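One structure, pasted below without further comment.
Chain naming follows the written order as A, B and C, and within any one chain the residues start at number 1.
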């Protein structure tokens, strides 16, 4: 029951091997985390899986179909959705409109109908608006719906991106550091949200620096270092792996032990 | 959404009221003509709001489409025996097709590269119009047939003089154009366009077919430009290749950005101010360029979002 | 054959002017990411100021120097008063600002000077030189030599001097450059001064051949912009190749196809090249970082 399978993918930038020969798989309802020090290639891997970069080596399959190098919008049509580490918010749109745009695949229709505001177009907008409002409720942003997105705090923007990604009704959701810049309470909320989404059968691929969170919610962890996979397995196994402690946790081993313990 | 709908309707009501009530203050027929010029420009800049303001794609060649629209009205009645009104629609269709054909490769370009490609297109159109004198009449221009709608209206009891008729015709066209653009703004396609403007990569990941939507915006704005060119030709009964020239393209982009590129009423205000300004400056004719250039720089430096959005923000701030 | 040579010679002459204007675009673009549509006005200022100073009795070389310095000063003012305050504005706004500056300078020139066509004497007389059956004006040689000298000087400046390397570093990464102690604003000011001076020099060199008037800036800016894009915006060598290529194509088209469509062919070519290589002939491709 594999939904996403990544086999031996790699990409070079200039002479640099950004990612090399990485493989793993994610099943529906499973939470898989990718961890590793800064520059390990986590975001680059995300960009390849979501079609932003075309892998130079290897193969990516979604639900058994080869989707290597497929454009992001085609992947979205197949149920792959993502958030961004450094936020890609639609700044000049309202919070509500951001999430409504996440429903694009569901609400799009003939442009002529949109130009003339035909009833069918208005109906699509109204339905989307209702759905988007419900999602904002879910991430705790309902009261900010009409505000301009750029006016939100960093933590709120992170949640807005998750709501927008969920609006797609994804089968697999890629979250790039969803808890970065969030306080403890917000992190816990995001934590719950992710677990809840996974429980509904969505496969989740997570990049996160908050080790406590990763250890708590992941079913499976993939460890990258300098573009290569150095370990994978259940949280408890990975955190005891000497290679991981050396490469990833390094001098912070004590702190990591604390985090794991 | 009800709030948003009412904003759209409010905008339309204010625009319609201004168009309808302004003639009460006109001391002479000449002012109907200036009003018509504002509306023709207002229609063109509304199309540019869709392209530049919504989709974030620059064009320095949209006058090329105005040229196609204008010369469709000038040539089709004589060569094809088409009614000028149908020629206007035919020109709009032709502009749409041309925009669709050149938009596919051009819109892969970004920023300044897109600017130079569109500029190249506009210059090609104006050059063909100027150089194929055997067909187009060349740089000296040519006459345009009478639309004939005014006499038809007179026959059913609506008697308007020429200036009044064109004031009404261009005013209604501009209002219709504004209505369509405002519809688009809050529609699924409009959201997708504005989304790709803010972040192309995020728009893609939510499923927006970026190339297709940019192309749609390009075609829509080309149709606007074409219609405005047709109206100008029919109203003046005369047209020269300048309508397609680089300066005309720049003038319209300037009006749009000056008034507020993301806002339909803003761009129309920009069209009004920059159409009126040269009229007001005719007294200071030798200073016209100096003042125009200065105003363009000052507004863009101190009111980055354009005249109307900046003014609105200042008003809101004071409340 | 003499025909072809004749076209090539006139193409190279015009191309050298385009290359200089394109170089001005490129220098400013590198320092500030701004495409300065007022670039053509510097060419106009170079010719006009030289003419009026010369007419007032200033010796021609001194008049030319005066014009170049004045243009450089105007370039610096343009940067300080209009470009720096608008830092970070969207492309469309920056285009309007520089086009506004172009209209402003044109309006100023029309007031301070006049609306006539002007010419001052060629530097080395007007007797055409014969080359394998074709002819070339001595002034054309001045234009070509001027362009060669400027490109050489600039290459030395970038490759050999610390300031030149600082300019390149700023173009590459503004923040990193400021971290190592380079002041990006100084680099911008320098770039505007230098590219205005180069534009003015082009104006001085070409005026005896093509004459000058207050309104030639737009056409110059368009051609220079096109040449810079052709070569790849931001690459000095691209400006040289783009300018020469544009000049040659125009001359060959005018000679063999049709003189009225010489500008058209240039733009068709630019469109074609942009479709095949959207970053220009020498430009580097970029990858969006997310």
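Operating definition for what follows: contacts are C-beta pairs under 8 Å (C-beta built on N, C-alpha and C of every residue); 3 or more make two chains touch, one makes a residue touch a chain.
The model shown is predicted, which means the values in this text are computed figures rather than measured ones.
Remark: the per-chain Cα centre closest to the mean position of all protein Cα atoms belongs to B.
Ranked by separation of Cα centres from chain A, the top chain is C.
Centre-to-centre, using mean CA coordinates, chain A is 42 Å away from chain B. In whole angstrom, the spacing between the mean C-alpha positions of chain A and chain C is 48. In terms of their C-alpha centroids, the spacing between chain B and chain C amounts to 32 Å. Multi-chain contact residues of chain B (touching two or more other chains) are listed as 201.
Each of the following residues of chain A touches two or more other chains: 52, 84, 88.
Touching of two or more other chains is recorded for residues 288, 290 of chain C.
Those residues of chain B lying in contact with chain C across their complex are 52, 58, 60, 105-106, 108-113, 115-117, 119-121, 123-124, 127-128, 130-131, 200-201, 246-247, 250, 253-254, 257-258, 261, 286-297, 300-301, 304.
Across the complex, chain A meets chain B through its residues 50-52, 71-73, 75-77, 81-82, 84, 88-93, 97, 100-102, 104-105, 107-109, 111, 113-117, 121, 124-126, 128-129, 146, 164-165, 167-168.
Those residues of chain C that touch chain B in the shared complex are 35, 82, 85-86, 89-97, 99-108, 110-111, 218, 222, 225-226, 229, 233, 260-261, 263-264, 267-268, 270-271, 274-275, 278-280, 288, 290. Contacts from chain B toward chain A in the complex involve residues 1, 3, 180, 183-184, 186-192, 194-195, 197-199, 201-210, 216, 220, 262.
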